[in-house]
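As written, the chain order gives the labels A, B and C, with residue 1 at the start of each chain.
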Amino acid sequence: MADMTQSGLAVTPARIAAPRRRSPYPGWFFLPAAIIYGVLFLLPTVASLYFSLTRWTLFNSTFIGLDNFAQFLREPFLIKGLINTVIYAVITSSMKVVLGLLLAVLLTSQIAARGYLRSVVFFPVLVSTVGVGITFTVLMHPTNGMINEGLALLGIKGPGWLVNPNLALYSVALVDVWKGVGLATVIYIAGIVAIPRDYYEAARIDGATKLQNFFYITLPLCRPATSTVIILSFIGGLRTFDLIWAMTRGGPGFASDTVASVIYKQYQSGFYGLSTAGNVVLFVLIAVLVVPLTMMLNRKEGHE
Amino acid sequence: MAGLELKSLYKSYGEVEVIKGVDLSVDHGEFVVFVGPSGCGKSTLLRMIAGLEEITGGELWIGDTLCNAVEPRDRGIAMVFQSYALYPHMTVYENMGFGLKLAKTPKDVRDAKIREAARILQMENLLERKPGQLSGGQRQRVAIGRAIVRKPEVFLFDEPLSNLDAALRVDMRMELSKLHDELGSTMIYVTHDQVEAMTLADKIVVLNGGVVQQVGSPIELYQRPANLFVAGFIGSPKMNFAPVNVDRVEGTSVTISGKDIAAMTLEIPLNAVQAGDVLTIGVRPHDLVPSPSGAIVGRIGLIERLGNETNVNIELPSGASWLAVLDGDQALQRGASLIMNLDRAKIAVFDAGGQAVTAEKPLA
Amino acid sequence: MSFIRKYWLSAVAILVSVVVFLVPFAFIVLTAFKDPKQASLLDFSWPQGNYLWGNIVEVVTTRNWMLVTAFVNSSILTVASVALLVIFGAMVGFVLQRRKTRLNGLIEFLILAGLMIPPAVVPTIWLLQGIQLFGRLHGLILIEVAYGLPFTILLYRAFISTIPRELDEAAIIDGARPFDVFFKVILPLLWPVTVTNIVVQSVAIFNDFTNPLYYLPGNANATVQLTLYNFQSQFNTSYNLLFTNIVLITIPPLIVFLFFNRQIVAGMTAGAVKG
């Protein structure tokens, strides 16, 4: 049929429309994944948009408009969770980018014990987050904790890492970086290894110093790795739940609550509508922050 | 017995037509070469025959079967790819037997066929290796072996030699020729290299822009190119061209002259041209001979001495550059002027539209 | 000069790595060897006597052998989810990379959405209850598959783009049907990225705390991460047992790490940087 709409040649009688054969890349290959993903992820996501507007007991729901969201913006502890989430994501992702890059440069240089160092940096990535959380909760104990005892040996009085409301969130973020920096490092190592040696040799002939090498070759050329690290760790930071839950349960008070921990707390208390509204808030927060961030990172890449 | 018949084949991707009505018939046992510059549609045409590209319009007959809607596996074809496309995770033996295995051929029959093909290609000792352990030439053999094993009616080759180095390419070319003689199957071969086309083909199909330019034996194409494109594409080094005007027509004697060409008279069929027409003449570099009374005068540019022959670039008055291939080692000076004569019987003449003005010259 | 500087830098790096990364792990292991009294001091000291075996026995038998149940549950969860992820993810990645249709834009959007959007917890529970999968292991398996698919597909798609299409075509000419092309030719070639996927997903799913917490409540269904709360209470935490438990559930990831350390970096090169 489409043949008829084309150029004059198409209507010459010699041209015979051929029946179609089946593609060697069958569409039904999508099916199993599509069903699982559609039913268990997409459907609840769409449903959340409705249930966030209701008072909900799982058995029946009453439509209450934007009340849940209004409550979110009214309750100081919910607002606090929102702000904490952003702070947490910014801190963890920026530290992972900086430390990950520095470690990767170090671990791709001619340093001794490179294999040991790579392993030891990466290993925490594979360990249970809850296990890490519990361990550091113990290590960060204000009086008996190993960290403060170590600092005391140096004559420094360690802070109350997790009991000081002004510090708790940052302490958890620090542990997050400790656990996650290995992944950023591995991604950066992959990016740096992929840079052709020619550039460094050309730069050497041009008389570049090591610092110049870093700023003019390594940094710009591992930009794709930077984008990956930023996006992955930023989204991870915004969604973080298990580490916070294992270490502070959002405490002391609400000092280290994030949106994800608020969602769980509201769920535990049976405020299903409010919990779901929290989900939508987190979704919007991620979309508002990550979409422009992705576009910015990709656009700059295109200019080079 | 399987020949091929292509009837007005079309292929388009959306609005873009890449094959614009190809008619061609191939006899059983013929070695046909599709040749043309990159992007001319030669590979697409081959892939349409293979069944890897959908046919937008027209008919493809292989033997007595209309194959437009037939799956590749049922077309009785085998194909050798440019990159060989050997399955990296299978041994040579498994690579060659894969098609038979899929067709549920009994194991002993399969084994016999694989060993037979390996014998023909002299690679019995490679059967247990993986493609990664083979040299380029050996991979090429395996790819051909994989095709032979299936005993196809038609072999399809998509630029199979272009990944080999020059010396190996010459060897494989001869082996392919030998293989064709031995198997006697129909072979269709795509290449951009006109030397391969000239040496291998029974029949050459020159394609450009999705249109067949000329079909014929290598010697026909060389001596009687149908148009400027074929004239320029076939033959190495390239044919020289110059624009000329028709001064006078007396029966079949036509006098021409141009900026670069002194007036000369050619034999051209009756009524093919008229006085005042603008033509293009083509002269092969080998047909130029230095002579004190020649029709062409130019200044010598770059000289390449190859020992058995000398390639001379000549700058003509219009600024055009011609190449002459002279026998032996010639004592020439760059910058000097050179007068050359050309063999009138071998001059190709094209009209303003680039089509050959058919002169019934006898084949040499 | 540079010789000295090189070793100076190496020495500092090793020292810092020991303090920052090794000491916490040493602390975990040492505590697992201690008796309750010494463990409760929470200090970095050599165990007074070896209580490891006793600790292990107590951890394993606590609450009616809950840890054993949890290990069985976690193993089934991990193996089944990863197997489904690998097969289904590779199938999608293959067709998505090879066949360009109008649907591709939409599919890619949905994949990116899956990477970004946090799962809607309560509606998912509501839905699982609706289809009788809430609180069941196979329900959680499907959940892990749904959440893991986007990343798996992206890794596969990036890798498949490096496999020449001529290989599919050679197989088609050889008479392979779509099913054969994928399972006999393409899937075996995906092994390097399959290893990456297996490592990444199995570690993530084995260590998953959040999803079992929400979707698989109840002690009979416990997964290993949830067992850590057996020994923690507000007033009386058995630190020796807690850290023995941590050691035990870290063994599987440690094995994965020892076997696949090298492939992880290789796989990341293929997937994360280009993708």
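Some notes on this structure:
We adopt the following convention: a residue touches a chain if its C-beta (ideal position, glycine included) is under 8 Å from a C-beta of that chain, and two chains touch if they have at least 3 such contacts.
All values reported here derive from a predicted model rather than from experimental measurement.
Looking at B-C and A-C side by side, the one with more C-beta contacts is A-C.
When every chain is reduced to the mean of its CA atoms, the largest separation from chain C belongs to B. In terms of their C-alpha centroids, the spacing between chain B and chain C amounts to 57 Å.
For the pair chain A and chain C, the distance between C-alpha centroids works out to 16 Å. Residue numbers of chain C whose C-beta contacts span two or more other chains: 172. Each of residues 51 in chain B touches at least two other chains. Every residue of chain B that touches chain C in the complex is listed here, in rising order: 50-52, 72-73, 77-79, 81-83, 85-89, 98-99, 102-103, 146, 150. Listing the residues of chain C that touch chain A in their complex gives 6-7, 9-10, 13-14, 17, 20-25, 27-28, 41-44, 84, 87-89, 91-92, 94-96, 98-99, 107, 110, 114-129, 131, 142-143, 145-147, 149, 153, 168, 172, 178, 181-182, 203, 206-207, 209-210, 213-214, 224-225, 228, 232, 239, 242-243, 246, 249-250, 253-254, 256-257, 261, 264-265, 268-269, 272-275. Across the interface of their complex, chain C is touched by residues 22-27, 29-30, 32-34, 36-37, 39-45, 47-48, 51, 56, 58, 106, 110-113, 116-131, 134-136, 138-139, 141, 144-146, 149, 178, 186-187, 189-191, 193-194, 224-225, 228, 232, 235, 238-239, 241-242, 245-246, 260, 263-264, 267, 272, 275-276, 279-280, 282-283, 286-287, 290 of chain A.
Chain C contributes residues 164, 166-167, 169-176, 180, 184-185, 188-189 to its touches with chain B in the complex.
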